[in-house]
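Labels run A, B, C and D following the written order; every chain starts at residue 1.
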Amino acid sequence: MTVAPLFELQGISKEFPGIKALDDVSLEIRAGEVHMLVGENGAGKSTLMKVLCGAYRADRGSFFHNGKQVAISDPAAAREFGIAVIFQDFTLVPYLDIAQNIFLGRELSGRVPGLIDRRGIYTEARRVLDMIGFDVNPRTLVHRLGVAQQQMVEIAKALSQQARILVMDEPTAALSEREIERLFAIVARLKQSGVAIIYISHRLSEVFALGDRITVLRDGRKIASLLPGATTADQLVTLMVGRSVDSTYSRPSRPAPGEVVLDVRNLAGPSGLAGITLNVRAGEIVGLSGLVGSGRTEVARAIFGADRAITGEIRLFGERTGGSAEDSVRRGMALIPENRKTQGLALARSVGDNIVLAGLRRLFPSGMFLPARAMKAARSIIEKLRIATPTPRRPVATLSGGNQQKVVLGKWLNAGARFFIFDEPTRGIDVGAKAEIFRLLDGLVHNGAAVLMISSEQIEIVRICDRAYVMRDKRIVGELSGNELTEANIVRLGTHQ
Amino acid sequence: MKHLLISATAVLTMLFSGAALADGETIAVFTKNQTNPYFQAVRVGSETAAKSLGVKVIQYIPTKPDSIPEQLSQVEDVIVKKPDAIVFIPVDYKAMVPAVEKINAAGIPVVNITDRSAAGKFVAFVGADDYSIGLATARALLKAIGGKGNVIILEGVKGSLTNTDRVRGFNDALKESPNVKLLASQPANYQRLQALQVMENLMQSFPSIDGVLAANDPMAVGAIEALEGANRKARVIGINGSKEAVELIKAGKLLASGDFNGFIQGCVGTEIAVRSLRKQPTPNEVILKPIVIDSTNLTPYETPVEQRACPTLEQIVSN
Amino acid sequence: MLARPRLALSRDVAQAAYRLLAAALLCAMLAMLSDVFLTTSNIFNVLRQTSLLFLMASGLTLVILTAGLDLSVGANIGLSACLAATAIKGADSPMLGVATGIGCGALIGLANGILVTALRIPSFIATYGVMWMLAGMTYYYMAGDTIHGFPPGFRQLGSGYLLGVPMPVYVMLVFLLIGTLFAQRTTWGQQIYAIGANPVAARLSGVPVERRLILVYTVSGAMAGLASLIVLARINSAQGDIGEDLTLPAIAAVLVGGTSLFGGYGTVAGTLIGALILTLVLNGMNLLQINSSWQPLVTGVIILLAVWIDNRTRRIGE
Amino acid sequence: MSMPSLAQLPMSVARVPGVAIVLVVLSAIFALTSPGFASPANIANILTQSTILLLLALPMTVIIMTEGLDLSMGAVLTFASIVLAITVLASGSPVLGFFAALAVGSCFGLANGLLIAVLDIPPFITTLGTLGVAQGLSLLATDGQSVVGIPRSIENIYSGALAGIPLPVIIAAIAYCGTHALLYHTRFGTYVFALGGNREALKMAGISVRGVLIRAYVLGGLMAGFAALLMTARLNSAHPTAGIGMEFDAIAAVAVGGTSFERGNGWLLGTLLGVVAVGVLRNGLNLLAVRSSAQVACIGALVIIALFIDGLRAEP
């Protein structure tokens, strides 16, 4: 390998108040290579990418483009070098249309000085969308698109920049199997055309399937840079976590499930749900699988009473629920939502405030709020879940993803919930924390709680759940248990054939 | 749909219409706001006159109190309606000149009352002389405190015609009695709560206050409450001769109130408008002579305006 | 991963400290410029004037804590005052008057709450519309008349003294206590903060968001009703424009008091300091007999300064 | 009309109702009940009366789309109009006065922009503060008196007409088209949508959020300066209370027009309809000689009803 790398980062360091996000990290980016960037949350992957694309400024370190030193002061400068990023949290504008979003900040000038050439933008956008085989009207406003479609727009946006270096931050997080395949195809094509791709992922399968080179970050440091051939999943995980955990967490034997806790009969709702019938027993984890957009989250929200205008019958511990979140919570139901930042936590408030929020009625039946008692409750939860925070008074926003997820769970433990709905509990959570979350889930059911778990990763369903329902087109198309519960079966049921 | 609309509006008009039910000529009356009792007196006056003259008056009041652009818009709208005549109190005597010119241009006869417009053609002006009212009322107070002591002036809205003249009257009266010391002259914008707080604050700086000259009754009321709140005694005068002022004079709390008599201004203004329409002779100016209401001449003012009868133009002009 | 412990607390303290400091500086300045400023009578005078502003602003504080706004406070005071006045004069019963005033205020608040929750109209616009409707009703009801002269018993509420301290000051302290307890020491208060910080998360945590919001607007309305009674008792008369120009000062007091317009952050005590600062400015200008034209300008600058300092301290906090 | 723009149609239709329905119904009622209402003269009258408010509502739409607010517009308009009048009196040159007004407006706009974007003080508070400042300056400059005696040439700007169309209406039309182009056909406009919709997106695209914010508020100040010209011409004088509270009317008109306070969901045409709806209501009620207290209530009702209808249509 004597070729000078297309782009090189050397000794990059970045500090945020209280946290050393990056510490002397170096990275070689070579044309026509898929460079996998792995590491736990808070390991510094996203920070490194933000530095690379100019969103952050490195405190120390230098960049080399084709061997000669350059500076990246802002996103514009980064674009000069053909660096484009597909971010995890979307950078789309809801009330601009697809084309305008694709060209945001790079609008084509029209004949009249100062005005934009709208028509030009649309034809150009059309071209890019065709390139990734995404058939949609470029004038559609983005807020009318689904998550997966928005992801595709993100990709189109990045491609339209004639990127030489393309950074993908967990691009498959929101995609369905079919779309993932299409994405992989695109990645392969780009590789052929000599584009360098940096690919951040938590899914080890992807890491080995796509990667030409793997770099592992931990606590802001570069731990290793190795070739996929020369390593195994377990080694990789050990490197990422810094201690050896078995990434292949498998379901321990559980006692036979108890009485039915949740009993749902032909639920239907405005979001298109129809004939949803399922049940969950005490002491079992039931999976809810299916492609993105197959209606899993809608089912969860419907059961929890988050959406109104639901028909059908929902019984919790034998009694009909009142169809409001408030009522569900009072009956001991808990929802750990897909997006903890926007739906799970009051980010501006403290860890303690968040933990006691759902349990206020139980903790203070009189309605009188006693800070001391709240603190005590919060502390005990923090200990029980090993949440990494020096004090319950700390704003929850400053915690890492995994710990925030634990705070959400802690909120429900404190509320004394006995039926839990987890919507993508491991989304954007690193391997180490994943295993821990699973252990917590297991602990719950061992104490007689019942769990309904939504996940896009069939492997998780298979390993964690006792039973699983599979959804397609807002309907439940099958129930799998025992040795029928395999990835193959889930995929077969979940996709049309 | 159409029927529905019609019936809807029928209801609407029945509910809301401010038009007094009478045929004959229509007179549009413009006042400054819906809250100050003075303008209510003007409106009552105009309606009383209208009844006796068999004409119909329509009241136009800005929805935002004293709003200049809005009164202008209302004038423009009214011109579309072409009433037979207009009785006009400009929200601002200078800023409303374009409105008057529009009325003139539309050829609608207009009587100007209360605030003398800075320009424009009018059938007549009817008003009381703020200056001389201020002068006379202030004199009454100075006499009551024996021509010596400390007094405070509570001004109205800066720049408004009434305020400028009334305060000028106050000051000239003060010049006549050199032994009286003017401690402070602060605006309270014709509002009672502001007057109350300004007075409270001023009382802190001045241990002895013998008299308060308020440019209108609400401010006088505010001052009285402030004084009572602090258990301090001082003679207070106001201007407008409003109902509450009369009560307070009766109760001995208010020394006197200059009679600005909106009721009569409303009556006379309307009557002149109608006369001009009926080609009857009209004076081109009626200035009510200043009357100071105090405990001695209280009785006629105790009958609420609604029950008073309009004096004839002759009565007014003759005396 | 190591953060300064007790961070959330230290931020609150810093904020409160800065605000108190500002008030103190203001006092010191006025004390130097005017010899009467520090007399007990003037201090009580300032407090009495503060109390009115505070009572309006205290309810509003709760609304703003939920990231809402209530522009109808002033108009609310107008209508409540006029109805209460009628009750007092008509039925010659202060008690009935008090009930009317607070009841009317609460009803208006309830209406606001329903518009904001059930009809999902942004609070800013909903309360703006309500403001106009209330003004209309008040004008219609009063028809340019005034109601004057209330029984001494009632007026004690505004102009009376107890142990040499003005009545309204007691009312203010009582509601400072109640307000603080409600916000800091009840589960409802906690839920209100949570709603302000993230309504979605609050709802998904089983907080009855709609009911709490309705409660908050109703309380704000009731406080306006109470304030209207103080106004009545102080000026011993009611007129249609009684509530005019009272809304923005009340909002200003809340903001100068350090409550965030984005919700979830602020205290009732802070609002008291805010009201105090604004009142001090006016009191000082009267004492020093400064041309009243300066008042809006000075107030404006004070608002900007206060909030700018807040931002700075918040930075330090984070 | 090409295929794509049709695809956009349903969305705008979903938005139209609130304000459009109200406008149509109001016009129908007044046209049926008040003979004068539909006359060309009166329609011209309504439009002319709406111009000043429109000049404020247009930039207010842009500002609200950035999740901001400008409470200082009314006060700035007032102060600008006073400066205009004073300058004209002093220099005798209307043109100079006009530019003075624009200058004052832009300065306040810039001040707002800097306070909000650089010191990041929330817009509501910032503009509440500058409102006080502008109001104070107006009072200090005039001591409450109105400024009169400016040459007729200025008044003609308001009362004049071109080919039968009142000048103010023409000015407003130009302002509307200008703002439309700015919002839908320039980078700035695109970034305004992005600012309200997704700040991060804007930063990632390498555009300065501050720059966009500041420009938005400067636009607001500038338009307030323009409005000041019309206001002065209309009153043929300047008065320290002339524009008080107009910002709230403008905000209401924008909201009635269906622009939401979140996610950069704005609609300029709606603002135009909103302004006209308010104008029609006030005018119609005057023609029907509706009691003033009822007029006050009706304005409140208009705002609430329009938003209520939008609420019904709103996608959850």
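Criterion: a residue touches a chain if its C-beta (ideal position, glycine included) is under 8 Å from a C-beta of that chain, and two chains touch if they have at least 3 such contacts.
Keep in mind it's a predicted model, so treat the numbers as computed, not measured.
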| item | value |
| --- | --- |
| Given subunit B and subunit C, the chains that contact each of them | D |
| Contact distance in steps, from subunit A to subunit B | 2 |
| Chain pair with the higher count of C-beta pairs in contact (C-D, A-C) | C-D |
| Chain located farthest away, centre of subunit A as origin (C-alpha) | B |
| Whole-Å gap between the CA centroids of subunit A and subunit D | 43 |
| Chain centre separation in whole Å, for subunit D relative to subunit C (CA means) | 30 |
| Subunit B and subunit D: spacing of chain centres that average the CA atoms, whole Å | 34 |
| In subunit D, residues with contacts to at least two other chains | 139, 143-144, 291-296, 299 |
| Subunit B, residues touching no fewer than two other chains | 34, 63, 158 |
| Touch-based graph of the chains, sorted into line, ring, star, complete or other | other |
| Interchain pairs in contact, sorted by label | A-C, A-D, B-C, B-D, C-D |
| Touching residues (chain side subunit C, partner subunit B) in the complex | 34, 36-37, 39, 41-42, 45, 48-49, 132, 135, 139, 142-146, 148-149, 158-159, 231, 234-237, 239-242, 244, 282-283, 286-287, 289, 292-293 |
| Residues of subunit A touching subunit C in the complex | 17-19, 42, 304, 306, 324-326, 328-330, 335, 337, 342-350, 353, 356-358, 360-361, 364, 367-371, 388, 390-391, 393-395, 398, 400, 411, 415 |
| In the complex, subunit B residues that touch subunit D | 2, 5-6, 8-9, 12-13, 15-19, 34, 58-64, 66-70, 72-74, 76-78, 80-81, 92, 94-98, 118, 157-160 |
| Contact set on subunit C toward subunit D in their complex | 71, 115, 119-122, 124-126, 128-137, 139-140, 143, 248, 251-252, 255, 260-262, 291, 293-301, 303-304, 307-308, 311 |
| Residues on subunit C engaged by subunit A in the complex (per definition of touch) | 1-9, 184-191, 193-194, 197-198, 200-208, 264-265, 318 |
